[in-house]
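You will see chain A twice below: alongside chain B first, and alongside chain C after that.
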Partner chain A sequence: MSTYISDSPTHFEFTSRHRTILMVGIALGVICLGMTWMVDDDFHSRFWSNLLHNSVFFTGIALMAGFFLCVCIMAWAGWHTVFKRVWEAMSMNLLVGLIFMTIIALVTYMHGNHLYHWADVAGYTAENDQVLIGKSGFLNKNVYLGFTVVFVGLWLFFMSRIRNLSIAEDSDGDASFSHHHKMRWYAALFLPLVGFSSAAMIWQWIMSIDAHWYSTMFAWYTGASWFVSMMCFTVLSLIYLKGKGYYPEVTDEHIHDIGKFIFAFSIFWTYLWFSQYMLIWYANVGEETIYFRERMDKYPILFYGNLIVNFLLPFFVLMRNDTKRKFGSLGFVAGVVFVGHWIDFFLMIKPGVAINTHHALGHGAHGDGHGDAHGHGAEHAGDHGHGVADAAGHGVEHASEFILGTSFPGFLELGTMIGFLSLFIFVFFTVLSKARLVPTNDPYLEESLHHHV
Partner chain B sequence: MSSPISVIREPLVRGHKTYHQITEDLISPTEKTPGKGWIIGFILSVSILAFGIFCILWTIWHGIGTWDLNRTIGWGWDITNFVWWIGIGHAGTLISAILLLFRQKWRTGVNRAAEAMTIFAVMCAGLFPLIHMGRIWMAMFIFPYPNTRGPLWPNFNSPLLWDVFAISTYFTVSLLFWYTGLVPDFATVRDRASGFRKKIYNFLSFGWTGSAKHWQRWEALSLVLAGIATPLVLSVHTIVSFDFATSVIPGWHTTIFPPYFVAGAIFSGFAMVLTLMIVTRKILNLQEYITIAHIESMNKVIVVTGTIVGVAYLTELFIAWYSGYVYEQFAFFNRAFGPYWWSYFGMMFCNVLSPQIFWSRKMRRNITVTFWISILINVGMWFERFVIIATTLARDYLPSSWSLYSPTWVEIGIFIGTMGLFSTLYLIFCRVAPVVAVAEVKSILKTAGDQYTGPDAIYHGHNHGHGGGVHGIIEGTDYHAMHGHGGHGGHGDHGGHGGHQEHTDHRAHETHSHAATATAKETGAQVAGASTAAAASQKMDYNIPDYGGLKDDLTKIEGIGPKTERALNSVGINSFAALSEMEVDVIQDILDKADGNFLSSPESWPEQAQLAAEGRWSELQVLQDKLNGGKY
Partner chain C sequence: MAENTKSIMAGKQITYGLYNDETDMMAAVKHANVKHLEIMDVFSPFPVHGLDPILGLSESRLHIAGFIYGLLGTLTAFLGMTWIFTKDWPIVFGGKPYWSVPAFIPITFELTVLFAAVGMTFTFYILCGLGPGVTNKVLDDRITDDKFCIAFDESEVSRGEAESFFSSTGATEFHSKVL
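Let's look at the complex of A and B:
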């Protein structure tokens, strides 16, 4: 095997300037988290929900990078090979995800937060809640911690194996492509593993915040949101790297294809959003509609903005051929949609946490009348959050209240997100700089170099 | 020519086909008298269809009471069959639209037949809601048109009405897609036909001449239709799933239904494509066009979609428990342990477990195993719909109205009748149209033919060099090392082709623009210089057979003029015999590289040269009368 030789730099250089900027970003995140802790309520629910929000979002992006790389391996794809190191490097952020999710799981285990109603022991408890007793086989601190560590650990293990094989192929790839064939094995096992385990983790991490609510679509919907965010990050990083003189091999053709994926999967995400929403709206079962009622009434800007930013914008901008090939338009859409999906996760997590915290904090005042959180929620839905003074007095008060950081992302949320993003990029750059940018002995390299739509 | 092809890709067209052979192999089944097998099959299909029609008429005459539906179980085999057939109708458009967008070359081997199946399956499916109405003559009530029934309109809130629109749109677009693909192929059939047959195919092919403009419009239309059809593939089964999921019936009202139905539909569609293609390729001898590689790819789709369906089954099951909703929990308990438990376990076994066998490459490439698994999946997907519909309805909220259902002979007869309809239409289709898309297979020949790629390749290095010339225009990148490397030559039978070609390529890259032209000019210049070394190296490149000093007048071949003759002579083709042994695309390549424009197509030259070399001049005359400027 001979090696592909390029005039451009073969390795990404992680400069001290990069490091400084990213360290500032990470420091900003730490400061914001610290400040959040200070200004927070007794349970530090804003702090914990911000931590959960960003951990879940960025872990998912790392997972999807690995997942899609494996899909490409299994589908004999040849177009992406030149920049597959980008996905490999992104997926190594699963290590960060493992650390943060384990921290959250451990603190939940020790009842150090009130993110999850089902894990609560203080005052407002799951013990007298028939529905939660029924779910306790799955919604309990042992399963939460165990699944988190085992599954995220497994994801990390598989992606590390694949990345090691990929790097080994650079130096001693042979004509029989033995590395590639081994990668296929890992990729083939990884796909069903992610298929099953990602659903379990999404139910645990996110869906169980609204512990009474359930939707069979939820895992796939969340997965699609991760996927689009991952594609947006990919294209933004490629635009940046190309701007710095790396990756001359990545052409408009590759960028165009990523643009198509952002376009197509934005529509797919919308399809799942619509299917979930429409079926729940149509059947009009109170236990299910409460989820959307809560969000439409109290988070109208985010709720409708979510659809505008994540569907209308990419749909109309990226429908054209040229906007998917120009860095300006594609980069703009990718940036906005990336934040859009971060907002989508905000909308999945914050309302439920707000309700849980509200109940946990206000339990004493409420007495027994609110043992069943559902009844409470349904009342909310019925009167749109106004009126019925006594029965849901506390809830009404809560509903009309605008709390920055809960009702809408504030500067602290933004700063925390920048911190997590900086950490993500830090790990991404570190890993990226450790190996050649272009995998020289990949059997599909030539196809990818000459990729032409 | 297109981009370089990775050496680890498997060829998709076997047998070193030339364009002419592809035409021969794929068109000829439409020209022969049907064989005994076809006639027996056709008689059988039509008889079954006739029985089906009898059962439908029986239903219409006597009423829906001839079925075993009752007040509790209002949907039985009819809607089960409807959803089953609609599902089968998903593979065709998926293959032609989504796989087109994903640039999957293997689609070309199976897309034509799969699209035909889609159309026939949707026709079978459409029958069931119509006859389920009981009074079929009232069928126009489903259409929203100004009427004399006062304020009576179809219920736009009902997913059943959305179905009418979704399915009719899908049917229309699938039909257009299928027919668009058929137009150039019908023209090929026409050009080989005579008499009345020619007139029919002339009419069917819309006066297609194969001009560049026609092809350009054809490709644009295919892409537009693919764009429209892709959301349609998702929408049809999504809306069928809404028929169930918008209700508040436990086991039906679940949000995962839309994507899960779509995945299941693709799954069952591919199973049916496999069932039929395995039979078709054997009977029509299409093993070189529908290769093991095609079957393996389809089996991968089967294992992926089967596993997605498995994730969905388990998600439903798990969330039923998780919901804490006793009716939902009972619905699933009833599916597994109720009176129809066998259909639930049949479904799990056939759809989730049996496809897992395709994790083994050996099994994926085993025709017999694939065939039987595809049958199992067809059965399993029928069970799935039966589980969802009958099992759920049989145990409703009120135990006093619980009921059971088993189909009457009329219902069974109608179902079997639709299979008769399906196979009758498919058998007719096999006779009148090429089962494999001729033009589309030709379009992938140079990138997926086994003479160009894979272990039997003979032109690989050459093809690659040229491909690099066209596409490798990336600023500031040195491809020299890449081109020099023996890995392309991993098919090293081209060791000899050596320096000249690579050198040309490299120079072409350096110019960074119009690389292909530069390559051509350069080659042309060297050829014109008549340097012995260059000629020798060219000879080696093209594997030109040596007939010593034999020299014929090549202009006797229709399509070859003095200029073309000089170009051929310059690379060493001097005799009819030598020309007859050349592959058409190699000749084309020589012409492309030579100086000047050559408008004629060499597709018929080897055949003409063969006749000339053997001195069969009268036959050559007959052939040339049929040819049009050397084209078939």
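Let's look at the complex of A and C:
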């Protein structure tokens, strides 16, 4: 079996300069998280929601990289093979995701935060919350912790196995393609696993913040957001790596295809965004409209800006053939849309957390001090007729309040995001530098080298 | 191809060679470029990647037409519904305002796609001289099956020149024909 020989560097070099810059970024994130903790309310809701926001966002990007790699494996696709190490390296960030999501799940388990309304109320009765009783089989701390650890752990396990097989193929791959066959088995198991478990995790992690509300499109919607962000990160990292002299094999043709994915999935995301909105608008049921009422009244800039940045911009800029092939235009759109989807997650998480915190704080404050804040929160919450009407009442009451970090991302949110992004890139570069950039014995490599659209 | 429809209709003496493989044909096209032989057209049973740039074909403007058709569809649907539901025949649906933009979006989307698709299809058919009842003159039936063809117009490239080109670039056969 002939091994592909490249005249460019075979391995990515993770230089000390990279390391220094990324460590500064991570330090900035840690400092910002620390400062958030200090300026926070009694329950540190800004701190926890920032942690949840970034953990979920970057875990999702890592997951989508692995997911799409497996889609390509199962589809006998060859176009991506030349840069598949980038997705393998991105997916290894699931380890970071596992750590952060487990921390959040453990603290939620111990009632250390008040992100989730369902976790705050100790015992529901038929009078106080029929809706949450109905959901309590799924929305409880045991399921939350169990699912988080088991599913993110499984995702990480599968992607590690696939990556190890892929690297082993470099050194001892042969014409029987035995490594590739094994990879197909793992990919075939991984895809249905991700299909169901990612939806469950999205419900648990994000949708259950607004515990009374649900949308059957939400998992798709969030998944599309992750997917577009993942493609944006991929194209930005490839442009960077090519600029540094790596990956001369990655041509305009590969970049063009990724550009098409950003374009297409931005439209897919918009389709879900709109469909979710329109069905709720049309049905006009109070329990459902409250979700959008909150966001449209209190977050008008982010709510409509979300649509402009994540739909109109990629739609009109990337519609042309040549803008998907030029690094300047595609890189610009990818960068803006990446931040745009981060803000999309901000908009999914923060309004609900603000309401939950308001509840917990409002009721918890009746007690004597905050020594055992969660206990008070829990017992007093039960006294009041909780439900949508109550949430709506509080929502309207505080409609005019502007709180930086809750109503709009502040510098602390931005710094935290830079910290998480630096950590993501740090792990990405570390993993990427440990294997050959081009998988030399992959059966699809030749096809990928001659990719033409 | 579309650009040469008129020249084929004019009734020209054409010399053409048939190749078994698209890589042979591509190499021959490059060879013709080097020797400055003006290729009239290339025919292949399927779209060949990378052929357009070496033939020097400019990018199709069909997609610009498509964008305009799409925009026309968007405006037709949106303005049409706006007029119907606010001026012509206002009806209250489920307590919603007359001018309910979210309800208009799906139809606006559908008409955008419909106008763009139908418009582009008809434009393409007209440009290529295709349509029901049209019989096309074909150089050789096998160019729709398994042969790749390079054609020269004899007023630009003489028959002798073309034939020596075909035999030197590995064409399996070559003929001359009036179309």
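Everything that follows uses one rule, which is that the second predicted complex is superposed on the first by the 411 of 453 C-alpha atoms of A that agree within 3 Å, B and C clash if a C-alpha of one lies under 4 Å from a C-alpha of the other, contacts with A are read in each partner's own complex, and residues count from 1 in each chain.
Here is the rule we use: contacts are C-beta pairs under 8 Å (C-beta built on N, C-alpha and C of every residue); 3 or more make two chains touch, one makes a residue touch a chain.
As the structure is a prediction and not an experimental result, all values here were calculated from the model.
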Overlay on chain A: chain C relative to chain B, clash or fit: clash
Partner chain in contact with A:Asn321 - chain B first, chain C second, else both or neither: second
Contacts of A:Arg19 with chain B and chain C, given as first, second, both or neither: neither
Contacts of A:Tyr282 with chain B and chain C, given as first, second, both or neither: both
Partner chain(s) touched by A:Ser8 [first = chain B, second = chain C, both, neither]: first
Which of chain B and chain C A:Trp76 touches, first, second, both or neither: first
Greater chain A contact set [chain C / chain B]: B
First, second, both or neither for A:His111, with chain B first and chain C second: neither
First, second, both or neither for A:Lys244, with chain B first and chain C second: neither
Partner chain(s) touched by A:His452 [first = chain B, second = chain C, both, neither]: both
205-213, 331-339, 475-483 or 619-627: stretch of chain B that collides with chain C: 205-213
Overlapping contact positions on chain A, where the chain C interface meets the chain B interface: 278, 282, 452
Parts of chain A lying in touch with chain C, wherever the complex brings them together: 274, 277-278, 281-282, 284, 319, 321, 452-453
Parts of chain C lying in touch with chain A, wherever the complex brings them together: 49-50, 59, 63, 67, 94-95, 102-103, 105-106
Parts of chain B lying in touch with chain A, wherever the complex brings them together: 2-9, 231, 234, 238, 242, 245-248, 253-259, 300, 304, 307-308, 311-312, 314-316, 319, 322-325, 359, 464, 467-468, 471-472, 474-478, 481-482, 484-488, 490
Sites on chain A touched by chain B in the complex: 1-8, 74, 76, 78, 130-132, 134-135, 138, 175, 177, 180, 188, 191-192, 195-196, 199, 203, 212, 214-220, 248-249, 251, 267, 271-272, 275-276, 278-280, 282-283, 285, 287, 443-444, 446-447, 449-452
